[in-house]
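Just passing along the structure, written as structure tokens.
So that you can tell them apart, the chains are marked A, B, C and D in the order they are listed, and the count of residues begins at 1 in each.
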Amino acid sequence: MKLRTFRRHLREGVKNIGRNGWMTFASVSAVAVTLFLLGVFLILAMNVNHFMAHVESQVEIKVYLTPDAKPEQVKAVETALRNQSGIKSVVYVSKDQGMEELKKRLGDKAELLEGLEKQNPLQDRFDVKTYDPHQTPQVAEKIRQIPHVDEVQYGKGWVEKFFDFTRMVRNVGLVFIVGLAFTAMFLISNTIKITIFARRREIEIMKLVGATNWFIRWPFFIEGMLLGFLGALLPIAVLWVGYHALLDMVRQDLSLFFLDLLPVTPLMAQVSLLLVVIGMLIGMWGSLISMRRFLKV
Amino acid sequence: MKLRTFRRHLREGVKNIGRNGWMTFASVSAVAVTLFLLGVFLILAMNVNHFMAHVESQVEIKVYLTPDAKPEQVKAVETALRNQSGIKSVVYVSKDQGMEELKKRLGDKAELLEGLEKQNPLQDRFDVKTYDPHQTPQVAEKIRQIPHVDEVQYGKGWVEKFFDFTRMVRNVGLVFIVGLAFTAMFLISNTIKITIFARRREIEIMKLVGATNWFIRWPFFIEGMLLGFLGALLPIAVLWVGYHALLDMVRQDLSLFFLDLLPVTPLMAQVSLLLVVIGMLIGMWGSLISMRRFLKV
Amino acid sequence: MIEMIDVWKTYPNGTHALRGITVRIKKGEFVYVVGPSGAGKSTFIKLMYREERPTKGQIFVNGINLEALRERRIPYLRRNIGVVFQDFKLLPKLTVHENVAFAMEVVEAPSKQIRQRVKEVLELVKLSHKADVYPDELSGGEQQRVAIARALVNRPSVLLADEPTGNLDPETSWGIMHLLEEINNRGTTVVMATHNREIVNTMRKRVIAIENGEIVRDEQRGEYGYET
Amino acid sequence: MIEMIDVWKTYPNGTHALRGITVRIKKGEFVYVVGPSGAGKSTFIKLMYREERPTKGQIFVNGINLEALRERRIPYLRRNIGVVFQDFKLLPKLTVHENVAFAMEVVEAPSKQIRQRVKEVLELVKLSHKADVYPDELSGGEQQRVAIARALVNRPSVLLADEPTGNLDPETSWGIMHLLEEINNRGTTVVMATHNREIVNTMRKRVIAIENGEIVRDEQRGEYGYET
């Protein structure tokens, strides 16, 4: 292809956006609405994931030491824990601190514990967090073998179920997002197909006048890319502004304290990039495949 | 309009489905995919709502009686509670039963409570559930005024926050579903608009041959309704089968025990009805409004 | 009766298609409209069934003032006018039979009557054997004849034919002309734009010559009149 | 050089359009194709630039066997053939100038040359003043002349014209005919389907008469030959 021909295709592709005025409007708005939907769900999914990761990171292993452990043995356990791979943090909690915690937990029934302070029956312990909370059961198993460790508690049973739940939410979310992405792709390419179907006569005429398939395809290709690009711009702008507004609202409304939303910057950039890429790729691809039938003249 | 003309419109509307073969296929599949999306989210939202309602229904008010309350006074409190409006259930828990519960809660640290059984410092109480869990704080306030009620606990603070959370999830869900419904409507009517745009010449010709606007509109109207109907059938079938399969899966997989999904029957019937109605209404409406411009010949 | 009084037509792109046309075509007349390519013949005809509206001037068809005609009444005007469009304007997704029948369905004729009458006119234009075929499976001349059949099917009181023999061989053209003459003899007003010198000079009728948007000649029993 | 050997064409709907056509048109010839409506003239022409493929038989154009021609090579065949389609086939969203230019852009001509040559051919068909107008803003005859201009613009070695004067007044028709004759004199093979008796009988050339899908007459310097 000569350079001037390429420039011609570019020019025609851009001009077609205007030439097909109403059709362009209809397909760009279909692309925009579809990508907006996808964007909203991406943002939602990423925030839910973030929230779940936050809750998961609260899971910790309580390592109780034998009551007779001497200070240097406690030190040894701590060293062993710190050398254990996969462990993020280790916090020492003496039995006196433990009693305070228990009192807090019982609240107004704490008086039941009165008199127990002197002969405190609790044990010293370490609170351990893992890098990957899902590794908790395995890590707990290893910790159990360290000498002077009496007992290891991490909410066995409950933790596994909680992780089952988050895993399910993640899987369902992933299925939804992937499904939604495919739906968006289908709807966009379907819209483009219909608009090209409406222009099949033109394609046939071009063919009859001696145009090669690629000569016809190029401007459509560029037009499709532009349609996808234009269709992605609007939802990106709306999502950007909307997410900003949401963050502001959450920051101000105290009753939404529990919402720990992701900051704008990496999130929106990722989402925007994804939308633009999907829009443009599907725009091009949709144009190309839907022309095939009409090029056989 | 004469009867034979109406029959003619019906016939033509049905025939057009076949005449526009590829276009019909493209628009029906766009309608189907869009409605499928909407259906999936409806089912999801209704189940989440159900799940939250279930959790909410666990919220109860613990009504502690004064330690000196005599049996007939206890009876009087119970009567007062039962007469209180908005209360669903009232369960009596004696102080001995309360001690058992506390032991269970402390688990392996229950030995701390040893020796307290004889001089049990706990109080008799009623566990009260409301019909509308969101009314809990108000009901609790009223209960507090009943004679011989010493204290009322319902997790003040925590419960309000939890309800804030469920209210937010419900609101967000509602916004999503309504937004999705509008998106679906937009996409469907947009698709129909494009297909009608591709047939504008035909409409103009009909006009020039002496057809009135309504003579032209009727078959399009019927065609649009059929498109919407056909487009709703597929997603309904898939959702029905898919939801059945999901229920079976959940029932068999023990790790999904916590999922308490809604039964197929009323849920799927409601969703199906909604999809058919949306599909058909938008199909008709989309046909009608998009023809307007081309009827001005 | 068709009457135009000082009718001007300028298209939105600025082309002056008609410049002050005043003409009176009586009921039952047969009129040829001749003139060079782009002179304004089709525009002249399009004004009569209100595909186009004049920029200025008054038009009366069958006593109706087209400028005062309400949007909703236009279809009823058109039902009294049969039009053979220069570009045929057949409905691509309907068969030949359905295309012709459409013009009758529009007036809510009984279907039996429609079937019979459509068969009849298709025979008149010699296309009975193509009744169940779609327009794009027809030759140019066959499409033109379908357009003619559709214009005739409702026995309109006015027949407007824009170049109805442009794609027909002389023999078929004469067949169509005899048909039009017969229809005219039964009282239908016929206005026909044409380039066919042979026909105009042989079948003598009133000739209106348009050039550059103006009537330059209007003769009873006139000639085509452009020498080569 | 165009050669057909026992060519049959049956359309998918069962219509037998051509039945055993054998013909040889030499380089630089000027051939009229005549015959009644629906005889098969357009089909005959469509086979030459491969819009349609024969059901049976061999076709050679400029020495190329069309049946053996690979799909990808068809555009290159068509670039040597200028076609005036019976239904014009103009691109509706391009202006007159752009429509004609399109045929040159296809062969990747330099844009300066395109601009100049398009102006030239638009002058030849007397449409310079309509260069920036869209096809649906043209009269029938003007559209036809755009189609002719597009067919000529690349100076093809073969010109196929299907009823190129059907929508033109006699004077304009003669202008076009002289143009075609001139082009033919410069060596271009011209095949023209027509119903115009006057032209065929005046500008005497080879006449191929098709009836019912068969060649019934093939005369050098022939006549239109259908009497009314």
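The criterion applied here is as follows: contacts are C-beta pairs under 8 Å (C-beta built on N, C-alpha and C of every residue); 3 or more make two chains touch, one makes a residue touch a chain.
Note that the structure is a prediction, hence the values are computed from the model and not measured.
The chains touching chain B as well as chain C do not exist; no chain touches both. Between chain C and chain D, the least number of touch steps comes to 1.
For chain C, the chain whose average C-alpha position is most distant is A.
In whole angstrom, the spacing between the mean C-alpha positions of chain A and chain D is 62. The centroid of the Cα atoms in chain B and the matching centroid in chain D are 67 Å apart.
Averaging Cα coordinates per chain places chain A and chain B 25 Å apart. The touch graph of these protein chains is a ring, one cycle where each chain has exactly two neighbours. Chains touching one another, given as pairs, are A-B, A-D, B-C, C-D. Residue ranges on chain B touching chain A, taken from their complex, read 22-23, 26-27, 29-30, 33-34, 36-37, 40, 102, 109, 111-113, 116, 121-122, 161, 164-165, 168, 176, 179-180, 183, 186-187, 190-191, 193-195, 197-198, 255-259. Listing the residues of chain C that touch chain B in their complex gives 49, 51, 71-72, 75-76, 78-79, 83, 85, 89-93, 102-103, 105-108, 110-111, 150, 154. Across the complex, chain B meets chain C through its residues 1-2, 4-5, 8, 16, 19-20, 202, 205-213, 215, 296-297.
Chain C makes touch with chain D in their complex at residues 11, 13, 15, 34-38, 41-42, 86-87, 133, 137-142, 145, 162-163, 166-174, 195, 197-198, 224, 226, 228.
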